[in-house]
Structure formats: C-alpha cells, structure tokens
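Structure in structure tokens, see below.
Chain nomenclature is as follows: A, B, C and D, assigned in order of appearance, with residue numbering initiated at 1 for each chain independently.
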Amino acid sequence: MASLECLDESTMSSESPMTTRPPSRQTSVHWATGMRYRNLGKSGLKISCIGLGTWVNFGTQLSEETAEEILTAAYESGINVFDTADLYGGGKAEIMLGKILKKKGWRRSTYIIATKLIWTGKSDIERGLSRKQIIEGVHASLERLQLNYVDILLVNKADSMCPMEEIVRACTYCIHQGMALYWGTSRWTAMEVMEAYTVARQFNQIPPVMEETEYHMFQRDKVELSHPELFHKIGVGTMTWSPQAFGLSGRFDEGIHLISRGSIRNYSGTSDKTASDENRSPRHQAKIHQLSFLVEKLGCTLTQLYIAWCLKTDCVHCVLVGASSVGQLFDHLHALQVLPRLNTNVVNEIERILSNKPIRPPVTR
Amino acid sequence: MASLECLDESTMSSESPMTTRPPSRQTSVHWATGMRYRNLGKSGLKISCIGLGTWVNFGTQLSEETAEEILTAAYESGINVFDTADLYGGGKAEIMLGKILKKKGWRRSTYIIATKLIWTGKSDIERGLSRKQIIEGVHASLERLQLNYVDILLVNKADSMCPMEEIVRACTYCIHQGMALYWGTSRWTAMEVMEAYTVARQFNQIPPVMEETEYHMFQRDKVELSHPELFHKIGVGTMTWSPQAFGLSGRFDEGIHLISRGSIRNYSGTSDKTASDENRSPRHQAKIHQLSFLVEKLGCTLTQLYIAWCLKTDCVHCVLVGASSVGQLFDHLHALQVLPRLNTNVVNEIERILSNKPIRPPVTR
Amino acid sequence: MASLECLDESTMSSESPMTTRPPSRQTSVHWATGMRYRNLGKSGLKISCIGLGTWVNFGTQLSEETAEEILTAAYESGINVFDTADLYGGGKAEIMLGKILKKKGWRRSTYIIATKLIWTGKSDIERGLSRKQIIEGVHASLERLQLNYVDILLVNKADSMCPMEEIVRACTYCIHQGMALYWGTSRWTAMEVMEAYTVARQFNQIPPVMEETEYHMFQRDKVELSHPELFHKIGVGTMTWSPQAFGLSGRFDEGIHLISRGSIRNYSGTSDKTASDENRSPRHQAKIHQLSFLVEKLGCTLTQLYIAWCLKTDCVHCVLVGASSVGQLFDHLHALQVLPRLNTNVVNEIERILSNKPIRPPVTR
Amino acid sequence: MASLECLDESTMSSESPMTTRPPSRQTSVHWATGMRYRNLGKSGLKISCIGLGTWVNFGTQLSEETAEEILTAAYESGINVFDTADLYGGGKAEIMLGKILKKKGWRRSTYIIATKLIWTGKSDIERGLSRKQIIEGVHASLERLQLNYVDILLVNKADSMCPMEEIVRACTYCIHQGMALYWGTSRWTAMEVMEAYTVARQFNQIPPVMEETEYHMFQRDKVELSHPELFHKIGVGTMTWSPQAFGLSGRFDEGIHLISRGSIRNYSGTSDKTASDENRSPRHQAKIHQLSFLVEKLGCTLTQLYIAWCLKTDCVHCVLVGASSVGQLFDHLHALQVLPRLNTNVVNEIERILSNKPIRPPVTR
C-alpha cells in the first residue's frame, strides 16, 4: 500500500478544489495580553493560541475558589479554549469546570469547551471504543459539565478493535444530535487521523477537525513531520500539551521526573521508562544547561521559552497550559511576550542546542 | 480555471433535467394594494414582491406602538416578508419584531421571517463564521424573536477563513433541526454563492435559496450581470435593499449623505468614500435632476420611481423597504401603482439619463 | 425526451436487483367481513383493501355520535385505513377523527391515518407548495388530529411552480422528524410521481409510497394504463376513490349530478362540465341501464358492483369509501362478498357494456 | 446471479480497505468467573461470551424476586448481555427486566440490552414487517423496558413481503433517533443478512451488526457454514441460543421433547415434527449416550459441554443461556471452566460421535 507520503492532494477527490485555501492564517490580537487568535486547522473556529487545560488539578488539587480565579483570569486574558476530559479527577474536573462556567454566566459564544473520552481508563466491562461508549460518554460528560453541548468532542486514542466507520458515525451522530459542534482526536497517529478522514468522506460523515498531542523540545517527530501534512492535506488542526506547560515544575527535568514517578504517568503514552532514563542522561542535562543560559539572555523562564517555542512551530494552532495559581497562569501567558524575541538567530541557536530536528526519512522504493 | 461565464447548465449534473422549469414566473395579486407574489428564486416559497426591512429603526428609533402600526399595515397590505438581523439595534430589532408578532397572533403560515447573522459586527473573540457561530447565532435569534424557527436564515458576508463546507453543513443542520426552513446569503459575490451551491451538491446538503444584496440605480453591476445567471443556473433568488427604499431621505443624494455620515455606514459594503464623493459630483447631480423631471411627468415621487424601477429588474424577486411611519410605508407601496407606467419608453429614458447600464466584459481567451 | 413507456426497469439502477419482488401479493382475510389485506404498493405496510374516507361528511354533515359509530363499525369490520385531509370540513374532519381516535384508545399499530395537504384550497398568501407549506401543514394536521404522527402524508396535486427536490426533501424531513411514516401523492400524473421517485433516488431521500386518485367505471385511463407501470417499476401503490363509493347516491348518475351541482365540485379535478354533460348523454344512460340488469342478476346494488369492480382492478391496493351511516358502510362492505362473483364472464360482460377499456396508444417513433 | 460463495471481499467496494481488520479477536477475562469479552462481530461493542436470555420464564414462570436474583448474579458474574423480545411473556419479560434494571440502578454503560421485534406473532391486522411496525414496536418495547434506548434492536425473521430498503431505513431511523445503538437480525438466512448489508451500503444506511440464531450439536449447518463468511466479509457477529442452554432440561433429549410438546414450539423455526422424530431415533439416542460417557470423563454436565462446545465454535461471539434459578445459572457459567478442557482430542472425539460436521457443497458451474 502507498505510504502516507505518497498521498497527494489531487487524489483527495471528495474535497472540492474550491475549498482549498491558502495556508497563511490571519490572526487578531487581544488588547491586553497580546493573545493571538487562529483558526483551528482549516475550520472556521477561531481559538486563542494558548488554551487552559484542567488535567492536573481541577477537581482534585485545587479548591473551587482557586480554580475559579484561574479560569476567570484565563478568560479575561483572552483564552477561549478550555480543555478537559471525562477521567480527569475521576469526573470531578468536568464537574468543577461546569459549576464555575454556570456561576460566571459568560456568553456561550465566548468560550470553547473541548472534552476527551478516555476509554482506556474505564473498567473492563466498559472499556472499548464503541458507538455505545462514545454516545454514553458524551451524555455523561454533558451532565457533569451542565452543558447542552461541548464545542469539541475528542476521542482519546484510537481502538484498533473498533472499525473506524463506527467511531466516525458515532461522532457525527453526536454532532447531528447537537451534543457537540466538532469532533477531533487525541493521541492518534497521523495514519489513524487520515483513516478517520477517509472514512468520513466515504460515507459523507463529518471529518475530525483537530488532533491533540504531546509536544515539546524533546518529543518532536510526530508534530513536526506528520502534522503539517495533516493540516495541508485534510485541514486538521493541532493542539499540544507538554509536561512543563502544565506547571509540573519550573525546571523541565523535574517535570519529567514527576511524571515518571507518579499518578500522572498513566495518561502519558510516551513518558515511559526509556524516555525517563534518557532524560536523566548527561547529554540531556547538558542541553537543559545550555537552554538555561539562553533563557537568561532572553529574560524569561525556561517554561516560557518552552511555550513560546511550541507556539512558533508551524501548524501548532493552540498550546494547552495548566496552572495551579493565577500567578503561574500569568507566568505562562508571558510566553506571548517572549514569542517576538524568537527570531531566526534564537531559533537556530535552540536547534543547535537540541540537535534533534526531526528529518523525514528518504522515500525508498 | 473556467470563468463563471463558462459554466453551462448542462454541466450542473446533480440537478436533474426533470427539475428544470421555465424562467417565467406566475404571479398573483393582492386585492387592495396590488401586491404581487412571486416564487423566491426557483423555490416553492411565494413571497410578496415588496418586503419590510427592520434595519434602520426597529428596536431603536421607533416606539413599539409605531413599529406595530407599520408592521400591521404592511401585513394587511399583503407584505409577507419581514427582514431583520441579529445586530439591528443590537438585537432589539428582533426582540421588538418578535413581541409584535406574538401580540398579533397571525397564523405562522401567513408571514416569512428572514434574519441575518452579521458575524463581522461581533467582538473579537466571537468573530469568525464557524459552525459554532452559525448555530449559536440562530439559537440567539430565535430566542429574541420568540419563534421556533425562522423561514430564511441569511449568512451575511462569506468568511474567506472558513471552509464553505462548514458553512453549508451548519446551515443544513439548522434546517434539519427545524430552526430554519431555508437558508440564503447576504452580500456574497456570485462566485461565493456558486461555491456554496457546488459544495451543497457535493455533500448532498441543502443549497442556498437566495442572495440579499444592495441594488439601486447607481449600483447595478452585481444584480444585473450576475444574478440572472445565479437564478437561471442554480435557482437562487434575489432580494434587494437600497438606501432610499429604507426611507433615509426623500431625495436620493441626501440618503447617500446620511449613509456616508453615520452609524449605518458599517453595514454598507459599498458606500465607501469614493462612491460618496462620486455621488456629490456634478455629473451625478445632473442625473438626479433629470430623474426629478421624469418623476413629475409620471406623477410619483423619486423614491417610488426607485422602488418600481428595482421591481422591474429581471430576477429581482423582492425589494425590501423601510418605513418610519405608516404613511411612509403606503408611500413606498404606491410604487406598485407606478410599476405599470414604466413602459419601454420610460425605461429607455431612464437608461438614457443614467448612462450606466452594466455590460458584461467580452470573454477573452 | 424518452416517453414513460421507454423507461425500463433495468435503467432504474439505484434500486438493487435484490429488492425486486414478484408482483403477486399475499393476502390475509378478516374472519367476519372477509376483509382482505394487501401490502400498499411494494411497501411493507399492510392495508385493508377497503378504506374509510372522511371527505364528504366528517366534521360537517355527521354528528359526532354517528361519526363515531361509523368509525367503530369500520374498525371492527377490519378496515385499518382512514383517509382525511386538512381542508375537509375546513379542518373539522381531522378534529372529529382525532377526537374519536383518542376516545376509542385503539392501539396505534392497529390503524393507519392518511391525511392530505390540499394547498390549492388555501388563501392567496398561503397558497403554493413549498417546504414551509408542507412542514407547517403537517404540524397543523397533527395538532388537529391530536396525534404524534400520521402514517401517510399525502401531497395533493403537484405544484409546477415548486421544484420537485423541495417537495421530496420536505416530505423526507417530515418522516425523519417522526411526523409521518410514509409519504405519497394524490392527483398527480404518473410522470410527476416518476419525477418524485427519480429526485428521491438522486438525493438519497425517501420516495413516495402511493398515489391516491379518482377511479371508476367511467374514468379508467390513468389507473389502468399508468398505475401498473408505477407499481411494477417503482413500487408505488394505488388508493382510489370514486364519487359513488362516497355514498353520494345509490345510483351512479345521481352521484355525478350531485358532484356537478355542489360544494364537492371544487375537489374534483375531473368532474368538469364536459364530463357531466357526457354523463347525461343517452349513450351513458344506456350503459347505466344495462349495468342495472347485471346487478339484479348478481344480487347486489350498483354501488357494490362499482366497489367490487374497482377492487378487481390490477394494482388497486385500496378502495376508499364514504358512509353517512353504519348501514351504508355495511352496504359498501358487502362488495367484498360480491367480489368472488366477478368471474371472467361477468368481467367480460361489464367490459362489453362499458365499451371504454383504455388502450395504450401505439409507440410511434 | 453469482452465488454467495462467489462474493469476494474485493468486490465489497464500499467498505474501505482501511477498515479491514485481522480476524483474531482480543479477549479480556472476568476476575472471578473467567468470563471472556469479545467484540460483537467486527463492531466495537464488547460483549461477554455468555449472555442471559429472558425467553422462557421472565415475566411468567419466575417470581420477580427470583428473576432479580438471577439477573443480579448474571451481572455480577460478568455477563453484560441481556436478551429479550417484545413477545416474551406477552410483553411481561420486558416489563420485568425493565423494572429490575431500574431498581438495581446499574450504570447504563455496564450492560447491553438486545430486544427482538417478533412481528410474526402479532394479530392479523398488525402483522407484517413495515416501517410502521418497526418504529411502533421499538417505542412499545422502550416503554415496557422503561429505557431511553436499547443497545441492539433485533428484527426477528425477514419479511419477504417487505422491501429490504424499508427495513434497513427504519432500523437506521431508530438509531438516528437515539432509540437504539445498533441493529441486527434474528433467524435470517445468510442471504437475507447479505441483502440487508448491501442495501445499507447502497443508501448509506447503517448495516446490521449481528445475527441471532439457534445453534447446537444437532443443528450446525447455518452457523458453521454461513456465519464465518458473514463475519469475515461484512463483519456481522453471531449470538446463538439452543434449547438446552435455556435450561429446559438437564438432559438434551428431554429438552427437545419439551420443545416438541409445548408452548415454546411456536418460537422455534426448526424444531418441527421431523426433527423431533429424528431426535427420538435410536441413532440419535446412541450419540447422546456416547456424549454422556465423554461428559463423565471431562467432569462436567451434558449442558455444560453443550455450552462450552458452542463457545468453541469459530465466529460465535455470544452464547445465550436461560436459567430458572441462580444455581442453574452458575451451573451454566461453569462451562467457562470446561472450555479449556476442549482440546483437539476432545473436539475430535465429539466430531466422531456426532458424525454430522457440515460440509460446504462443491461449487458446480
């Protein structure tokens, strides 16, 4: 079978030539924080380039007051993307988020809720990605969130045991029933996303609009090699999260340690033993060391550099951050001010330090 | 790519040859006012050839009593098209219209509500024409109007940043959900309307039924050159509005001035500085002068001539008028009596005065 | 364009060869009255071969008690088809029918309600067969009938001013919304029904399941020449009504007179002046006279012969009858007993008397 | 026309090559009972390999207390499939099942309800498999079950008088309306299931996900010859029931006798006079005798061997069992422990005893 690389835009016959649009994306800017807005992939949905994740602490570590303060600060700073999941805090993240949204009473059109179905975390009898799992999952999330619909329904991990047609039809059903406005994927391979798109076109269903994935300086291959292709060929947008942007540590290596040590581990598909070991290697520590020098020159923190650097990446439409306090959120938002300082020289310097720029393997026939 | 002119009916393969109907349209006439009814484009929806717009003053300049009087007079004169928009009066136009409709209790089948989504007027964070924007916009309009559905959902201006598929699917969704019966466009280019039609056919969605556009003696190109093609090839109907028909002034040039001076300006894509300047030119003033003589001969006002002249245009199915009093409305409706006086001689005289008959540029290859 | 006769089953490519079924229809028989059940066209819906119409008198001439008695007698005799329309008795027929159905509380699965949208009888401003007219019409009928859905939605007369796609999409919408289970046509030409089928196939909408039409000994062409083709090629079933079966008169010629004289006239597309004159002709009177002799030999009434003769016609799936009393209904039902007596000899004798057997014109090329 | 055998996967063009998955199915195991979970056919729905049927006794023979005990024991043993039908106990089986489910309050995502529409058992006027029958049938079942939806809607027996398109569209309608998540068939031939699949693909409707059928040691042809083909070509899964697994008798021959004697007879398409006679034949009795010896060696009961043997069959995804007491249920579940003992030698020994292994007739051309 033809590899992904061989897929050519001209063969995507079900997309009208009329719908092709130029890759350059217009942005508008928030007056106070300099927040930028981008279309999510080639969809019409305008999102802030930084989104707030509720992964680590909503519903568990944070008091409701602090959570409300953070959410309010985010909203007022121009963040309009709030990312959550059914399993975060065993459902408490969605409950807390919904409670705060209800209390604040913001116009529904001013924010975007993305929630994930994490079927892999369910009990044996409920595990498996099926039409039943998807529809019942969305119903349960909406009840916890006290919303009539989520903006983006994200299916977390593909299920090799479930036909793609069933997933695509179930997500389209949720959209046609008004339970979601868009659907997307999370932690899928580019090939799986492409299959979802193909099946959606085959049966005139609605294709996914985005893929959410882990992305940081030390895990670059998927986003930098595959996602531009997904964006340019089928319009799929990218949201990214990374351990350090979730405020797990001021220093990156500590963040990695936290992940490899603890409860968060289960959610992370990539932070396995090997990666963790690699992160403690002297070579890795040397890179962190050199980045610290650079950060000092730039007048920002390592985390701000991490976030700004992600924002700089081609086809990354939204970087999700976490925060355990309003202060930490503002710290992260400062990355927007760091962004303009990442000129060609700085970017080249970072590449020199990292020495891990992904290269597309040569096509062998 | 082939220009619009090269599109041939025989290539519109998804429209059955059986559905082709003759372009001549049967009309029926209101007993008292002589109001005529026409099908909107090639749809089955019968509309009065004059519709009432609520742009300028509903919800703001007019008291509820006056608004109710005007609406009642319009309804009883045989007008069955009421045009409004989410942004008119910041939402107050829809609220006032809905309140009056509820009070009057007319049978739902006796009037047609068209409302527009004016996404360009929204705040930064809500701007952008997306599935979210369209669906949430319709929900908000229906709430303000206290209606279960609008008859025609109009998308005001295309968004070059939103794929046409998303717009067409969202509008079809609103129709399938029973929130609207038809959808159409407002201030779109003929090429954009054609793209919407093509995408609707491609994905078996519902195509737009009409385009609403500015049209008057001094802005003729789009309606006279492109709209007959839209009607004959894809059945799209035309509703028009023009500054003078909205009662901005008894004299056309003053109307133009009002527009160029004030708050209404934002809504008008065409009344830019250049046009305004052009309107004040001696050449333009001379044309107005000559039209005044003609009007005297015809025994009508300049505004009545303007409206009647629009009604005379091929493929214009409905001319929207505004009114700040019942008297002004009846004044406008008198255009129906002027209409028969526009015989070939008079029409030729008008063309001679205007000297701006649009000519299709020669096809160069 | 190819004439209807040239349409070949092999060209109806969107109907799977698998769905072709033999034309012979299995029937089951009611224990008491001998009522037979047939599938409506090639659909799965089983209907009694005699149905009750509420045209003439429900909501107007009949008291509610009598109407209830007739309906109950019909139901208990095995009739499961009740035919009505929005305009019968100005809406009162549906109201009375709905009231009785509610009172009786029969299981919904034991009866079939067919109602017609008679758009031609509406006021000027509401006339026209549009998506708006169809959807609002069904809503109004359901309210009058106090039902959640009708079984068959019948569109009465095609509207040459409304594209077939709009009609087919609106009827399919009503089915998808659960407001109707099937849709059909009434007083359409075979060509119009074929167009509806074609358009339904083109856009993957639901095709019509039946055509309701006038049919009697003196108006045979459409049913006998076109309807077998509609049944065999696209599975459309036939329900018929005729003046005499509506109990307008014990003698056929009187029925015709009644029709040409009175209020019913408007609904009858065929009982025009010429036909009425023809019916009074000596030649016509002679036929009636001869039929009277035949009837005496068969031991039945003229009306019973009329009904039985209709039931005998190939591809007539249901004959609608009216009744102004339970006695008249039972009289009509006795036609089921007359049916077996219509052997080849009798049928031939009738053909000899009528001398009007329709002949398909030779195909000229 | 090509026989079923000639259908080749490569000709099923509407199924994307991407959706093809390997036939081997991953299973997970219940901690206590060893219950295994399998995907139903190639769908994403994970079902326990043993399901509980409510055929024989729910709503009739069993008290509500006993029924609740059995259901609870089944649920806690890892059974997540509960099979019922509208006609079981004249509707009382569904009512009792619904009442218990409501009382227990288990999470909806932890169990799967499959109910059957048994149209052949209806009164004359309601018989016939139509859109009306399917939709009204599901509504009635949901009301009896006090559920918003069933997981699997099963159409019991195909109706040769109803076009497949009508059945497929009605079932898809139920799924799109949220009244069911999947649909399947019961007692259909492989050819009928294939037709349903083909028609679903033709009109972009949802294909059936399973076929429920009788299967036991003395009725093997359909499941062993046709069902693997249905699974591998179109992904349809198999649920089976057999007289002995419904606890009709500890000894198989008695079960057969019970069936041939009594009220259950009507539901059984195959246990006709001939089969019954055949079962009493000396040759048959000899087989039972030899199986009894084998059972002693294996240390289990004849019924447990029957169930385990069914579970061993290729492409049987769920074996439905009945129980009149918790003890009997546990007895049946012990088949899961017998399963590993059915090694190649034992299976071969059973084949030797039965001497009825179905053989596909040679393809003659």
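Definition applied: contacts are C-beta pairs under 8 Å (C-beta built on N, C-alpha and C of every residue); 3 or more make two chains touch, one makes a residue touch a chain.
A quick note: this is a predicted structure, and the numbers were derived from the prediction, not measured.
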Given over half shared residue numbers means same and under half means different, the chain A/chain B interface is different
Relative to chain C, the most remote chain by C-alpha centroid is chain A
Dist(centroid_CA(chain A), centroid_CA(chain C)) in Å evaluates to 61
Expressed in whole Å, how far the mean CA point of chain B lies from that of chain C is 43
Chain A residues touching 2+ other chains are 176, 204
Which chains touch? The pairs are A-B, A-D, B-C, C-D
Per the touch rule above, chain C residues touching chain B in the complex are 1, 122-133, 135-137, 140, 159-167, 169, 173, 176-177, 195, 198-199, 202-204
Per the touch rule, the chain B residues reaching chain C in their complex are 14-19, 21, 25-26, 28, 30, 37, 39, 42-46, 48, 78, 80, 107-110, 112, 151, 176, 178, 181-182, 204, 206, 235
